[in-house]
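Here chain A shows up in two complexes: once beside chain B, once beside chain C.
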Partner chain A sequence: MIQSSGPRPTGRRIRAGLRDTLLSYAFLAPALVLLAVFTFYPLGYGAYLGFTKYTGAQFAQGLGPQFIGLENFKALIADPLFWTGLKNSLKYLLIVPILQFASLAVAVLVNRNLPGMAFFRGAYYVPVVTSISLAAVMWEWVYNKEGTLNWILGALHLLPQGGAFGWLNNEHTALYAILLVTFWRGFGYYMVLYIAGLQSIPEELEEAAVLDGANRWQRFWGITVPMMRPTILLCTLLSTIAAIRALEEVLVLTNGGPLNSTYTALMYVYSKAFQGFNFDYGLASAAGLVVAAVALALSLLNFRFFRSDVEES
Partner chain B sequence: MKKAALALSLALAASTAFAQKPVEITFWSWYLSPKFDAYIKDSIAAFEKANPTIKVKWFDKQDSLVQDFLSSVNLGNAPDVVNLNIDETAKAAQNGFLRPVDSLVSKASLTSTFYPQSIANFSTGGKVYGFPWYGWLNEGVLLYNPDLFKKAGLSRAPRTMTELLSYAKTIKDKTGAYGYVPAYKDPNTASFLGYFYSEGLPVYDKAGKAAFNTAAHAALLQQYVNLYKGGYVPEDAIRREAFQVATELYAQGKVAMVVGGPQALNRLKDNNPGLYKSVVVTEAPLGKAGVQTGGSMDLVIPTASKHPAEAAKFAAFMTNNVNQMKFARIVPIVPTTRAAQNDAYFKQAGTDAIARATSLVGASGRYINPGYKAPKNSDDLYKNFNDNIEAALLGRKTAQQALNDSVAYWNANMK
Partner chain C sequence: MIQASPLPQSRAQMTAARRARVRKTVGLALRYALLLLILVFAVFPFVWTLAIAVTDKTVTGGASIYDFPASLIPKKVTLNNFVQVYQTFSLGKYVWNSVVITGLTVVGTLLISALAAYPLARFQFPGKQIIFSLIVLTLVLPNETNFIVNTLTLNKLKLLGTHLGVVIPTIAGAFGIFLMRQAFLAVPKALLEAARLDGASEWTILTRIMLPLTKPSMAALGIFTLVTTWNAYFWPSLVLTAAPDLAPLSVAVLKLKGQFNYDPFNIAAGSLIMMLPVLLVFLFAQRYFMRGLEGAVK
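Coming up: the complex of A and B.
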């Protein structure tokens, strides 16, 4: 029998410990209540709705959801539009590594005390706070058949005579054109997170590496990237979840077309849940659950991949 | 005895006070603020003056109207009067969100005030669910750029749809500008289905099944597919509403003709006053059926309204002829009231393009007709239809195959 070698807790100590525990929970309580009301309950109720029939007609008559087991999931499996959406949402993940690498690289570049750097940091952040409707108008000009992108490609002789096309009107290019918009909108956000991470790296490490004769590239891979792994994990997670939940850009730029080439899984959820008065909350919730499960699985993968790296580093 | 008299007088006083307490109703409009604030506020003030026992609280809702409506029903504070369109009214009525207005006002007053077709537009299952309000005609007027016509060697406006399509080719070939932007992908009832109706081709058969896949339907679609594939239509027409694309490009001198309501001219006047001065406004060509298509707004009374009688009174007031005509003088809408067709305002001649367009279409409210009834799960079915039209335009399916596939989907999924 293993016995504790430390001093036995006295009654007073137990009471003090209990008081501290209760006090901790008292401080946590407001946040927990808010989380319970605004996060856990909707989450649980939404998950429950996925197993029910709950349509506009039921809602109008004041009837509650009706439990139907896995029927909604069977309907999803049988609906090619849902699969198209899911496939496109997975394609959307292509943007994650590009976005993360680029924003980290630029964060390193602008994380210096050089004149004008504040302007660059601000400029990169502007798209984050630009409304999507305004961004859509701007990108329409870029992607139009007679738009800026074709003009530039034409001027560089990269576009054959008469080969111009609207990038958002072509089923082979529309998704990638939208990915670029997502890149443009997300870049500044992740860059700011990376700058915050970079500023927490001890300067002595860099100085020691300089003394050891490491060049800039070696310092980036040898010090910056390993030290930034927790931040990279966070940003990659956020970016993966955002990619799987892509909706706004698609909705305003192509509305899922052409030929559903940009139709995402969340568009499916959105259309089933908020489409006029004949909505289907049950089916939308089931689709939402599948999207959430995919996002969770990808997040776990990210965690597994980066976590071991973080531990090693 | 004294006590009884006192109790009686107290009860009378209480009931008088109760009777005099104004009833407050909530009115939700759709995309009317801030441009028409003055008109709405004046109308409400006039109503309240005529009905001192009713107060109206007005909110203008925009893209979140339906979601806000659902939330308000859930929270037990539903609005009393809501502004919807034909499609949303049908959906809301089919799902039980609305009260039939013919149970709140006499059918005779509805039929004497509004065009029969306007009432039919808002009827579902034999009941009327909305007070018809302002409307528009899809083929209302044709406006064209005379300079582009001249360059293309054209001397007059097209008189038929066939001629319009042939003009589109001539203009593009000779000037480089697009002739016309057809409504390939317009939402819901304004979609390509409207072209079937214009050409006298049915959407449903007598049994109520989808039947828009005959050889004649396919031939019509093929004409428009050829136009798209030949580069005679701006590419954006497969992604955006034709009216948006056409009005934008017309203002840039890149489209020669716009078919639509006078509201196109309002945009042109704002965006390119120079081009507005030269625009020619004339009657739009119609399809073989010789009919117009169009849409309309209405005012509905939700099932969850707590004051349906007062709400109906207000909705009837807002949509009466006097108020619709006041609205028509501010913005070129097409009133849905019978009396509007004889109003002198629509008979005045003028050289201004908007005035001319208004005089051409303002009195034509009786023609407002989407051409067919929306099915119950219309959003799913319209999406499938539009996806198939897109597949035909992009060469993934033949016109016949696209229509066959859509009809099969409609008949398998129509509720």
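Coming up: the complex of A and C.
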């Protein structure tokens, strides 16, 4: 902030500096006010609410939250539904390695200079710009008892006689069915990020490896993956956080059912705060804090994992 | 196979060359086959929805949308489903809500981001580092409970259940401010100094020089915001829980499914109406889109 060199400040310079400061804050004011009210205040107040008793009834009567210490967290530990949510959120993480490997592979496939690649890239990105509600409508038809998935499996003779069932209505398959939708909406997004990373790899490196007689597979593991490590870390981090925060997909496809088999941790936060007859903002905020802590821990773990990977090589 | 090469070659050389060529062709064919398979996975739901939406349901002879593969090729094509869904579900109302919410959000985001990014890119002032760090911080802070407090705030501000309530909390974001700051940083300094010497005010410099020169970034941010806002589900549905008539199409379309008789033909038509603007924007602005995404990563 301090100008390192140049003439000593004169009166005019100071006035200009003051003018710049005032102007800067005037330009920044709208953004700062909005960020303060709708980002920073809810962060702090939300964290505080986790340690209070605060219900919809209290809010309606104009009563404030009541500090109760760790009571909400004790209630969470005692609530099997919360554990179900956490467990399902952890299961949701299954999507991360699959999604990352597949989108990196697809990126490598479409990054080659061959006719039609721009078309494929564009088409693969279309699911990314699809709203979750539209995805829900379409994928319910796919997963329906009479739907596409059963038809395909039947045509391939992979489905036993009379084995057709609604994939979203079965507590053993519902979560995985939702994961496939997450995969479908996600792989184009990470593909684009990976393409950006691939294009920053110097071509000479690849050419030299070809001259050295490295085959495609060796080049992928020997050059592409190590060179892409920063991108892979970023994408893994993004999809880990997205997975632990999964809410919309679950909300529109199954609403947590059947038998809570798709009830995620953030679903718990949402339903305690806004579903049912007594909104419990305190308990919901406490659950939100736990989810946030898990997300944070997983991010750190990701960093750790990738860093130790670097040190080894 | 006949060897076409006029040059005399040893037998071993010929077969080696031929084998390499065959392997290359097979590899290429496999590559395209794989790409096509992924293509089917990516776009099949859309193709099917399109097929259902344009099917004349009066001449299917009672066959359901699940009669594969027959339902992929409509016996008779019609636009009746679109008309019907527009009338019976008052789709026009929801389309309008989507337009209002998206329009306000795009304009608001561009305005707020450009204003905030300008001093961050161009001025030295006390507190700049702190403000910049705070904005960076919003990207990594755990915001799991924000939606709870924000709905309470909106309620107090009497904005819950209004379009403004959906829009205002979303328009100031790190993504837009970053993107615009990068763009402003790329504008040559000499240009601004020349304008200042000519006595131009900062506002004039921003609106007459900076913004026209950073049109591609503005377009990228605008398109990005448009697509995400048009598609947004959770936040608008939360804010407008008590005002279903103000819901955007993305929220309404799921309600249509429950309402009236479940009519997949009309739902398919309604879904396509929802997808169409985004798809058009995407087709025409693919380049900006990808650039915006890359800009966010750098």
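What we mean here is this: the second predicted complex is superposed on the first by the 266 of 313 C-alpha atoms of A that agree within 3 Å, B and C clash if a C-alpha of one lies under 4 Å from a C-alpha of the other, contacts with A are read in each partner's own complex, and residues count from 1 in each chain.
The rule is short, and it goes like this: a residue touches a chain if its C-beta (ideal position, glycine included) is under 8 Å from a C-beta of that chain, and two chains touch if they have at least 3 such contacts.
Keep in mind that what you see is a predicted model, and the values were worked out from it rather than measured.
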{"item": "Touched partner set for A:Val192, first chain B, second chain C, both or neither", "value": "second"}
{"item": "Contacts of A:Asn169 with chain B and chain C, given as first, second, both or neither", "value": "first"}
{"item": "Partner chain in contact with A:Phe274 - chain B first, chain C second, else both or neither", "value": "both"}
{"item": "Which of chain B and chain C A:Asn215 touches, first, second, both or neither", "value": "neither"}
{"item": "Partner chain in contact with A:Ala47 - chain B first, chain C second, else both or neither", "value": "second"}
{"item": "Which of chain B and chain C A:Asn113 touches, first, second, both or neither", "value": "neither"}
{"item": "Chain B versus chain C as contact partner of A:Phe59, first or second or both or neither", "value": "both"}
{"item": "Chain B versus chain C, judged by how many residues of chain A each one touches", "value": "C"}
{"item": "Partner chain in contact with A:Asn260 - chain B first, chain C second, else both or neither", "value": "first"}
{"item": "Doubly contacted residues of chain A, that is, touched by chain B and again by chain C", "value": "59, 144, 274"}
{"item": "Interface residues, chain A side, partner chain C - complex", "value": "1, 3, 17, 20-21, 23-25, 27-28, 30-32, 34-35, 37-43, 45-47, 49-50, 59, 106, 109-110, 112, 114, 116, 120, 122-127, 129-139, 141-142, 144, 146-148, 151, 184, 188-189, 192-193, 196, 231, 234, 245, 247-248, 251-252, 266, 269-270, 273-274, 281, 284-285, 288-289, 291-293, 295-296, 299"}
{"item": "Touching residues on chain A, where the partner in the complex is chain B", "value": "55-57, 59-61, 144-145, 165-166, 168-169, 171, 254-255, 257-260, 271, 274-279"}
{"item": "Residue ranges of chain C touching chain A (in the complex, touch as defined)", "value": "28, 31-32, 34-35, 38-39, 41-46, 48-49, 64-66, 68, 111-113, 115-116, 118-120, 123-126, 128-129, 131, 134-135, 138, 140-153, 155, 168-169, 171-172, 177, 202, 227, 230-234, 238, 241, 250-251, 253-254, 257, 264, 267-268, 271, 274-275, 278-279, 282-283, 286, 289-290, 293-294, 297"}
{"item": "Interfacial residue positions of chain B with respect to chain A in the complex", "value": "66-67, 70, 73-74, 87-88, 91-92, 94-97, 185, 234-236, 238-239, 303, 376-379, 383, 387, 390-391, 394, 396"}
